[in-house]
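Please go over the structures that come below.
In the two complexes below, chain A is the common chain; its partner is chain B in one and chain C in the other.
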Partner chain A sequence: MSRRTVVVVGAGPAGLSAARAAARAGADVTLLDASDQVGGQFWRHRALPGGGTAPDEPTFHHGWGTFTALRDVVATHPRVTLLTSAQVWALERLDAGVRLRVLVGPADGAGREHLTLTPDALVLATGAHDRTLPFPGWQLPGVTTAGAAQALAKAERVAVGDRVVVAGAGPFLLPVASSLLRTGARVLSVHEAATPASMARGWGARPAGLLGAAHKAGELGGYVGTLARHRVAYRLGEAVVAARGDGRVEEVTVARVDARWSPVPGTERTVAADAVCVSHGFTPRLELAVAAACAISPDRFVVVDDEQRTSAAGVWAAGELTGIGGAEAALAEGWVAGHHAASGAPDDAGLARAARRRARSADFARRLDAAHGIRGGWTSWLRDDTLVCRCEEVDAGTLRAAACATGSADLRSVRLTSRAGLGPCQARICGRTVAELVGATEPAPGGDTGSAPAVPDRRPLVVPVRLGDLATLPDVPAADAP
Partner chain B sequence: MTVDVVVVGAGIVGAACARALARRGLAVTVLDRRGAASGTTAHGEGNLLVSDKEPGPELVLAQHAARRWPSLVAELEDELGSDRHGFPPLEYDPKGGLVAATTAAGAQPLRDFAARQRGAGVDAREIDVAHALELEPALNPALTAAVWYPEDAQVQPVAAAEALLASARRAGATVRPGVEVVGALRDGERLVGVRTSDGDIPAAAVVLAAGPWSGVVAARLGVGLPVRPRRGMVLVTTRMPHVVRHKVYDGDYVGATQSGDAALQTSSVVESTAAGTVLIGSSREQVGFDDRLRVAVLREMAARAVRLFPFLADASVMRTYLGFRPYVPDHLPIVGPDPRTPGLWVATGHEGAGIGLGPVSGELLADLFTGAEPATDPAPFRVDRPAVLDAALDEPHPSESTPSENTPSENTGEAS
Partner chain C sequence: MSATSQGAGPRPLTITLDGRPFAGTEGQTIAGMLLAARRRSWRTTSVESAPRGVFCGIGVCFDCLVTVNGSRDVRACLRRAADGDVVETQHDPLPGVTS
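What follows is the complex of A and B.
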């Protein structure tokens, strides 16, 4: 009998862990990642010519040893096939199971190789990208997402600027500031929109409440220490509400915000800066889960059971896709998902350890949301001419006018009449912002679709594909056709 | 409170019916189980075509529509405004269509078809390859025949439907999204309103304009109506310089429109939008309301488009969406009263032509409703024609149709 085949999509902490667990449980594993390296966003690193890693790499990462161990397993295990630069661009639901369409080769290049996979089990570990709320001037060069700044620091050792302001919400701001400091940037300040009161609600009332999440203490404590050593102010209840500059950012306006994130009049002050790194949380990459018809929760994460199994037959999910839990949780969830996807034994000792580690992280997402979740008052820092959709250059005034003129709160209609979200990023950046601005409801896709309006995370084409690549797709066996 | 008319469906056909009826002084309520223009209207290309229609009643309606559209757009823009922060632009563009045969076998049927259309008054000009390349410089020069249709036009369908609805509201109509029809209110044989997910709505008349879901809603009202879904997919490229200047089709489009074959059919329809994207259609499948992605369909569409415009091989497709066309066995719309059920009126079944034909269908229905002289002959579209009544006998019994099935596609539909 042939071995069970498992495909894992995404080679960050969750995907690497899932691939190892599935191989260990006896399956033939194919691990795919769109990037040219494994590690995901969390362990994004500098690629040296010849394939090695830089000697200073461990200082940029937590759990670097964990990463190198996982990396070595997936690179050498006889039952693991690792494919980097492998972009899953579509998922088809068959009568039984799913079929993945993959292009392998340098992104945007012509002549990438087609790959079609019909595994017995699929583990989705596609992670999340950071969400940035718009503010006047956010389209200026020099304003980046915190994730992009972090990637630049980790992979290129390049700082986004000399005088950097970090702002937004969530503990992720801390490692970003820390990485920037390591690259030699001067981090002026870190502005966390969450107020001291909501921080206390999420993390507990102790002064260093953020460190209350036990498994995170070491990691976050280290960052706070780094900030303190460099005399970087970490200011709660503040937001960057505007950026200005001639051709690129030269100064930003920082203001105090209230519990609903509305700027408090009279508290604005101007800070000279040549770079601003902003992140207000994370948005899971749901495209493949939606395409597979996995149930999505009201707060828009993939719903999984104790075995990390989704509602779609043969599909498991792990990592940030199922809730923002950080790398430790992702590793544990990946272990559980990979083991079960491979039909591993239920009484496995490693499985039990992973499940216990996962349980320790279970409360993290709830605490994170209680402390740092986006509050509705932020929209009051927008002006009519503030761009909301950068791809199609739709500003807040146009968007509101389109919703008002048509009288439509249907997200699909508002998008089609204003063009917000119709550009190359396909609303990945602005989708939720647009929904919040026009007051449209965003029901979970994949679940009850009977009366649902638009589904912003449904992107049947996961990424843009060359028409020439589509036209030259090889045949699949007719028996496989949906 | 009893309204004069409940319109079921807030797509372009329902919107057009609501506007035409409300402007004649009737109290109109429009229901849609989802939002305005959220079904078939949002999942097509915005075609206003005469080029694809055989001589016959549908072509007559299309010719009437082609004459009506420019004045309708002017009326709507006058009424609603179209400045930057006014109503979104309708993007009406009488750009014309070019049909190109790409095979030796396809040349003569296209010429014959164009000749028949000319006999019916269509401006269908047979042109040579040089002329075709003048119109579309990026076209594959390996053509075997080409016909130029200056009367073909394009519109942004969601904006058009929203404009018709906004105009209807200004004439007093009420639009209620998120309200689903679940049954009939009857007085004997007579339909006197609808039961909905949000309570009963008594009405002197009900207009059924639910597109491909019209058969499902009809069953809930206790009536058989043979409207079925015919699936189509569209590809959208990223923005590019304006290279494709008109609507351009390969000649196979003509054959596919009139076929009842359930197997996959594709033919290329390529055009630019005002936003700079290129839309690539189209496919036709009879697979019920199955909304699963089929990559094989995309491949066929891509291959045909690249054959028509070789430069598109390097274009990036950033989005695909699928929708369901309302399809009647004899390929004609249904517009008018249902003599089997007093109080019930129908406006549906336009298949892939609902954007173009919707507005004049709404006006035709209002003419019939108010006893005005219809602008075109309504007889071919009547509900009690044999092709509709015979097929209606084969429809499932109303009790077999449950509210949970046959839900619309949830693909984010984007017409541009």
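What follows is the complex of A and C.
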């Protein structure tokens, strides 16, 4: 009778691909994104009046043509409803399926419109955000994540500074440096913590093996070429270990690090800079998956099967939420997830192609971790007065004292004693760092679906909601049907 | 495939931060406008009264909160500026903490 309804949360590569596949398989699809544009972080772009495209837009992106094709499908397909500026702020489990609470309107605005959705199937494609390890002075204005620099360059052509140092770990540092150069910033240097030996372990000894898939290697080769043309040094086995300045960053300390990322004494040098962009990897946005009781792996990704199905009935997941695989993998995973969420035919030719593309990317996360995964020695660049929780301004010394005082590695008591992770960001920035610093135990392998997973990713309210908005929340009958 | 905007281009707009005008164009975020004018910080933290501006740039860290047209705790990196927006910096000292 009525068609199967699929809600896709997140309109980046995975979500766009999932929405298209689900619609193609015959479902009625609602695609939600908190931003007022589609594309996610990967295809974040200038917002021009009338939905126009800036002439230089393709130069900031890979696969821009893939994006515009997907964007046009979700904007025009008769079975796709696209809702932007739509923030899912809560997910409730029902006897069958889930209920999503959504606010539609300007970011953090008052008086946004309420929307409640109870789809037959849910595809989570909420992506990931930067993970930045703390270092002395990282709270100074001018120190940003690499993702912030990328977002401002892609969306507004604004450079975060004039003289910029890029540092951290992972291939993502290269496109960030490239975008900064395009926006007119002077990139002084790029410091990759991974040593040449661990780079070789992950990507192979020869540069051609850098990213496995041939086009990925070409993509990165292009960035390296851009850096070389601008005489930007790309230095391996180095880290920004401190930032200093009066009210804003004015200089940073760069040091060589060993294979465990411990700074090598005597190698420190000072670099004058007015911006520092630092990221050490990505961490998935797990709130909705955790609220839906999806099993989470020990390394904090959503566990999915071959059909991208999570352990929660009626919930699929795709993209960075299931492992840091890059946009190609996200597109393929989204295809598979959307198709199955829509109960598409198992012998579909497009599905088979997507599954093959997914298989080609399967090795990426393992290689990425082998080459660039965070090594424990980084904690030796912390001082007692180094802030760990930026919101509540809790430093490493206080945190360690709290861990000693509570006499346990129980994350909850450490957080309540020190207040680390209890501020507005709800431990999104410091959660994993705090857990690692106090030696908190990770959840059981395979995710303990029955009980609450480790504290940091459990946020019943996905984003802060104004009391006024809660007051206007429409009642939902207890026995409502979709 | 997609329209290009060769013509008029984005319209200029002006906002104020604590009464001081900042110019930008339609489609920019409040944080983007401030950063483009080389303003690096606007919020003041509660414990150490320290300056903060953009950190994550994508709505995750809540460092860049501002008051917009009387509405508190708006993430400046997410909110698109509208012409005439009255933006104010935020500082909420903790009780008993001198600032």
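The definition used in the following text is that the second predicted complex is superposed on the first by the 462 of 482 C-alpha atoms of A that agree within 3 Å, B and C clash if a C-alpha of one lies under 4 Å from a C-alpha of the other, contacts with A are read in each partner's own complex, and residues count from 1 in each chain.
Operating definition for what follows: a residue touches a chain if its C-beta (ideal position, glycine included) is under 8 Å from a C-beta of that chain, and two chains touch if they have at least 3 such contacts.
These figures come from a predicted structure and were not determined experimentally.
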| item | value |
| --- | --- |
| Side-by-side fit of chain B and chain C on chain A, or clash | fit |
| Contacts of A:G109 with chain B and chain C, given as first, second, both or neither | second |
| Touching partner for A:G407 - first (chain B), second (chain C), both, neither | first |
| First, second, both or neither for A:T81, with chain B first and chain C second | neither |
| Contacts of A:G423 with chain B and chain C, given as first, second, both or neither | both |
| Which of chain B and chain C A:E392 touches, first, second, both or neither | both |
| Which of chain B and chain C A:V160 touches, first, second, both or neither | second |
| Chain B versus chain C as contact partner of A:L461, first or second or both or neither | first |
| Touched partner set for A:R415, first chain B, second chain C, both or neither | first |
| Lowest C-alpha to C-alpha distance for chain C against chain B (Å) | 6 |
| Chain A positions touched by chain B in one structure and by chain C in the second | 110, 392, 423-424, 464 |
| For the chain A and chain C complex, residues of the former touching the latter | 34-36, 41, 46-55, 65, 68-69, 72, 106-110, 129-130, 139, 141-145, 147-152, 155-156, 158, 160, 247-248, 390-393, 423-425, 428-429, 464 |
| Contact set on chain A toward chain B in their complex | 90-93, 99, 101, 110, 291, 392, 397-398, 401-402, 405-410, 412-413, 415-419, 422-424, 426, 445, 449-456, 458-461, 464-468, 470-473, 476, 481-482 |
| Chain C residues touching chain A - in the complex, by the definition given at the top | 1-6, 8-11, 26-29, 31-32, 35-36, 40-41, 45-48, 50-63, 65, 71, 73-75, 77-80 |
| Chain B residues touching chain A - in the complex, by the definition given at the top | 33-38, 42, 80, 84-88, 156, 158-159, 162-163, 165-166, 169, 175, 177-178, 180, 197, 235, 237-239, 275, 277, 280, 292-296, 298-299, 302-303, 305-306, 312-322, 403-404, 407-408, 410-416 |
